[in-house]
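Alright, structures below, take your time with them.
There are two complexes below, and they share chain A, which is joined by chain B in the first and by chain C in the second.
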Partner chain A sequence: MPDQFLYAIEVMINGLMTGVLYSLVALGFVLIFKASGVFNYAQGVLALFAALTLVGLQRGQVPFAHLINAVFGTEVDHFPWTLPSLIAIILTIGVMILLAVLVERLVLKHLVNQEPIILFMATIGLAYFLEGLGDIMWGSDIKMLDVGLPQGASRWVESNTKWLGGEGFYGFFIDKLDMVATLVAAILVISLTLFSQYSKQGRALRAVADDHQAALSVGISLRFIWVLVWSIAGFVALVAGIMWGTKSGVQFSLSLIALKALPVLMLGGFTSIPGAIVGGLIIGVGEKLFEFTIGGMIGGATENWFAYVLALLFLVFRPQGLFGEKIIERV
Partner chain B sequence: MFYREAGDFKTSYVEDGQTFPIKLDRYAYYVALAVAFGVIPFLIDDYYANAVLVPFLIYAIAALGLNILTGYCGQVSLGTGGFMAVGAYSVFKLMTAFPDVNILVHVVLAGIITAVVGVLFGLPSLRIKGFYLAVATLAAQFFLVWLFNRVPWFYNYSASGQISVPERSVAGIIVTGPETTAWAKYLVCLVFLVVLAWLARNLTRGTIGRSWMAIRDMDIAAEIIGVNPLKAKLTAFAVSSFFIGIAGALFFAVYLGAAEVGEAFGISKSFLILFMVIIGGLGSIFGSMAGAAFLVLLPVMLKNVLVGSLGWATDLAAHLELMIVGGLIIVFLIAEPHGIAQLWRLAKEKLRLWPFPY
Partner chain C sequence: MKLRLATLALGAVLAAGPALAELVIPDLSYRTGPYAANGIPFSDGYQDYFTLLNERDGGIGGERIRLIECETGYNTEQGVECYESTKGEGTLVYEPLSTGITYQLIPKASADGIPVHTLGYGRTSAKNGAVFRWIFNYPANYWDGASVAIKHILDQEGGDLSDKTIALVYHNSAYGKEPIRTLEELAKKHGYSLTLLPVDHPGQEQKSQWLQIRRERPDYVIMWGWGVMNQVAIQEAVNIRYPMDHFIGIWWSGSENDVKPAGAAADGYKALTFHNLGDDYPLYDDMRKYVLDAGKVAGAGDNLGTALYNRGMYAAMLAAEAIKTAQDMAGTSQITRAQLRDGMENLEITEEKMAALGLPNFGPEFKVTCENHGGNGFAAVSQWDAAAGEFKLITDYMQSDQEVLAPLIEEDSMAYAKQNGIEPGCN
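Coming up: the complex of A and B.
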């Protein structure tokens, strides 16, 4: 096979892996949107916040150290201990659940029956708030996250695919972390599907997604469902935060992956979990291939906008996305 | 008692249809104009011009533009930063290509170019709505910033990739470039704001403004009673982008002087202006200005209090500012979804009766 073709395949495989990571973020959006009709812009910042909390707990940082030092003139910095990854992860899940409760109590409860766009803007406010909170709690420097996931190129894949090409081809370069991420995403999607199909809470969740009022009238607590959904979204954000944080460090740019997940959602439809997965894969492969084939000719770094323009063009022809429910409008 | 309309009789249609039908409002408006044109230019110094007044005037123009699109026509846009960049780069290209033409003409032309670009990116709004559209406008934001970053023609092949403004003057007074005096910057922006606010006010209460509002309130119903959605939406995009383009041109040429597109016109600018519109009040001219004033003053005040008085580190103050802005947005949306403008309206209602209960 010609090497150029093999490189294209390699780019495509890596694109698929990136796409999986986009899907992970998009999944959080879809969950909240389905259950509460809120388009949660803060999903990316949730991922950042979760990752920051995880690193901070792991290292035994004192929360709000910077603020405390500024107010009281003290010099606190770290607790004298560090936590093992597993305990830190469990504690972080606890923090995300607490956050979900607080969001429901302080924000969502007061915005029931408002227009969707008002709720959307409230989540933008929430995103700003959490970003500031994360920075104040744990400091804004770039942190390395290590929870023991394998990293680096997979030698096994590389040596086993070398025979495909000629002299200059050294086998496919695939990051182990990406493979783990793919596996985790698959497990997450399957368990979420099982949860929503077969558990009591999952059924309640689908009922709320279907019709708020009908669900209320058969005795489902809307507030509990919202807390539940935001907790799950927080958990998905944590998983996404761990993956992206291990890949490129925990820093502000982590919250920008939310922006990358938006075109994924548009492509897949806001209400469809399979849509989020497929959309993520299409965008991941599409932007990598576009950069590989055409990007070099027109200045590079096309990843920044390709996904949006693709989604935009797509929406003009199919406004509800690939798997979205058909939009029916009544006067 | 002090603020009332009793005894303020109208004897002609012209009087009845004027912008400020209540006498007290009208006088307050004249006084505000007189102070803005006659007093402030003599008192202004570099600090107030650069930290407060000039950014306020420019953001007020941008917020007016976005308010026309989002507040009056109901189309949420997150591409404001990108459209401001179009204004800035158009004025830069025009200024360097035609050095003899008056800079004010260039600024208006930049607005018109931005309007054309805005209509282009507004086309999808005919098919998609709500969130989908909001996300689609992000395409404009990212694509435009990338374009100005990567295509050297736009920044005249300068080595740094930045654009910097050449010196230009109007009637012998320097208005752009490093030599500009504070009051000249202020006056240029003020003139644009007053003219554009007058334009916006009159557009929004005319036929076209009413068709925007009909589309905003319920687009299908509007279509059925004979509002042309194509025309209404695209004119809203055009007018809004025209305002935003002028704001971008002034932001670059008069305020910044030199700009790097990703930094000056990034996504955070889009959000900042959207927040101004929300906090100020959707669908209100006064609200756009109030929101701009609020969000320009807030960081300055926080900085003065936290860094200046308490001696905190600047990054800590910056993070706290993020929290406060985010928190305020949520509080505003919960307590008063119509923003400062609505608070002002309520205050006026109360003032009409004060100090009597009825």
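Coming up: the complex of A and C.
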């Protein structure tokens, strides 16, 4: 096969893998929007906060150490222990659940029946607050995140695909971390789908998503559902934070990954879990193939804007996104 | 009544008089936001050096230094706000630590008559002091960096680059595009082919660029990155098993923050620098005694000796030396901004001076003049030693290719002068 064709396939495969990483971020947005109609501006910061907490716990860092030292004149820094990754992940999930409870108690509870734009504004405030809190708790240095995930080119794939091309072809490049992310995303989507279809809480969640008033009238606690959905979104944010944090270290720009999720949401729809995955895959492949085929001719760096162009194209024909629910309002 | 009048008069004098017995130095820092990890060590180094002068020497020339820190978040609008809100305090010289902020401050500071120093960033053609009367960018600028990178590659390749390919991976912004013209001109001179690979802000996703590098296998990769773009690029280079000793970053891609996330695999990565690294200098003994141990550090005190801390400290040292020069020239310790500009235009950094400051061989020797606000364009190459966890200098300081750069600077600065109606001159 001609090398150029093989390179296009390689770009496509990597686009799919990158798309999965985008989807991991988009999933968190979808979960909260589906259950409460709130576009959670803080989702990217949730991923950052979760990753910061995970590394902090792993390293045995004393939270708020800088503040404690400044106020009490102490010199605390680290506990005399470090934690295994699994324990640190479990504890971080606990922290994210606690955060969900606090968000519901301190913010959402007071905004019941408010316009969606008010709730959106509240999440903007929450995003900046969490960013500051993360900084004060764990510091703003760049932290290495190692939970034992493999990284780098898969030599097995490389050596077993090298024969496909000529002498200049090195075999397909596939990052092992991307492979893990794909597997994790698949497990997440299946689990979330099973949860929402077959568990009592999942059915309650869908009922709230369909109609708040009707759900309340049959005794479903809106507050519990909000805590539940923010907890799940916190867990998804932790997964996204681990994947992206492993690639680049945990740092405050991690919150900007939310920008990559927006075109995915526009394309896949704000209310569909499979939509977030399919949207991510289309955006990932689309932007990478465009950069590969056209990018070089027009100066490169096309991926950011092309993702939005692609999403807008889909919006023109399906305003609710590929898998979003069509909203019909009767007057 | 008399008491009230006296109080009012004293208040008026204090409010109006710029000649308070202190030197006001603003620190436009960024301790929050996506780039905080880089902004903090620079700001710590910048402030700690001035604190050391206050604590050990009682300031500069007997005048204590008053630092005003203002958070920019590496945001241009916030940076301009910081400038506007602090200039009324009698600030002497600005170090904006952002090319974007610098571009906004060039016309403002020129109109206000306030010196701006941009240490290894900002507008390269500001080197022409006859046009940019208040802007300084010594000891080296981006074009010097690009040229020194090529000089190093020439050294590695025995002086012949005729069949070589070099890729530039750059932040797709005014900053990242700075070296392109220089690299293109040098490509004409040395015969290498240049591939340009822009990366969009913030640079968290670079798969396309590194797949292209894997396909085309350029002989060398030069990087003009900042923040997360650096860490991701180095990790992607590791992933495709690109030889790290053929990967050279500009000095803003050469801090410990950039290489540590990739772990041991980043070993051998190279970065340019215009100052030395580590903390093995006599000055650090004083820094620990008068600042760290006295609990007067600007930050957490855990950045001493890192690349960006040293850079901040170096920037402060150059500002302090310019102030001393200005005080000597003016014959007074309470200098004005115009006198400081004169001091900066007569700044000379020699090995003797650096050794006397406790920083022997810390940076290149250079001299500033009215026509040359950029120094002599010397930079060196450092290499990351992952086992030791530090960058080490692997070359001497090399001068950039002035034959190529001087006409480019002349052309760009004169175009700016024409656009802005500036009559170039040193009077």
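Criterion: the second predicted complex is superposed on the first by the 327 of 331 C-alpha atoms of A that agree within 3 Å, B and C clash if a C-alpha of one lies under 4 Å from a C-alpha of the other, contacts with A are read in each partner's own complex, and residues count from 1 in each chain.
Keep in mind that, in the parts below, a contact is a pair of C-beta atoms (placed from the backbone, for glycine too) under 8 Å apart; a residue touches a chain by one contact, two chains touch by 3 or more.
Everything quoted here is computed from the prediction, not taken from an experiment.
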Exercise. Overlaying the two complexes on chain A, which is it for chain B and chain C: clash or fit?
Worked result: clash
Exercise. Just chain B (first), just chain C (second), both, or neither: which does A:Leu188 touch?
Worked result: neither
Exercise. First (chain B), second (chain C), both or neither: which does A:Ala207 touch?
Worked result: neither
For this session: Applying the touch criterion given at the start, work out whether A:Asn304 contacts chain B, chain C, both or neither, answering first, second, both or neither.
Result: both
For this session: Considering only the touch criterion stated at the top, classify A:Gly132 as touching first (chain B), second (chain C), both, or neither.
Result: both
For this session: Would you sort A:Ile142 into first (chain B), second (chain C), both or neither based on which partner it touches?
Result: second
Exercise. So, A:Ala8: does it touch chain B (first), chain C (second), both, or neither?
Worked result: neither
Problem set entry | Contacts of A:Leu322 with chain B and chain C, given as first, second, both or neither | neither
For this session: Look at A:Phe292 in the shared chain and tell me whether it touches chain B only, chain C only, both, or neither; answer first, second, both or neither.
Result: second
Exercise. So, does A:Met179 touch the first partner chain B, the second partner chain C, both, or neither?
Worked result: neither
Problem set entry | Clash-bearing segment of chain B relative to chain C, given 183-191, 255-263 or 345-353 | 255-263
Problem set entry | Touching both chain B and chain C, residues of chain A | 66, 131-132, 135, 140, 299-301, 304
For this session: Using the touch definition up top, name the residues of chain A that touch chain C in the complex.
Result: 7, 10-11, 14-15, 18, 66, 131-132, 135, 139-142, 144, 151-153, 170, 173, 175, 244, 247-249, 251-257, 260, 288, 291-292, 295, 299-301, 303-304
Exercise. Which chain C residues qualify as touching chain A in the complex?
Worked result: 31-37, 40, 172, 196-202, 204-205, 207-209, 211, 214-215, 227-228, 231-232, 235, 238-241, 257, 260-261, 263, 265, 300
Problem set entry | Interfacial residue positions of chain A with respect to chain B in the complex | 39, 66-67, 70, 106-107, 110-111, 114, 116-118, 120-122, 124-133, 135-136, 140, 259, 262-263, 265-266, 270, 298-302, 304-305, 308-309, 311-312, 315-316, 319, 329-331
Seminar exercise, completed: The chain B residues in contact with chain A across the complex are 76, 124, 127-132, 134-136, 138-139, 142-143, 145-146, 149-151, 218, 220-221, 224, 267, 271, 274-275, 278, 310, 312-313, 315-316, 319-330, 333-334, 337
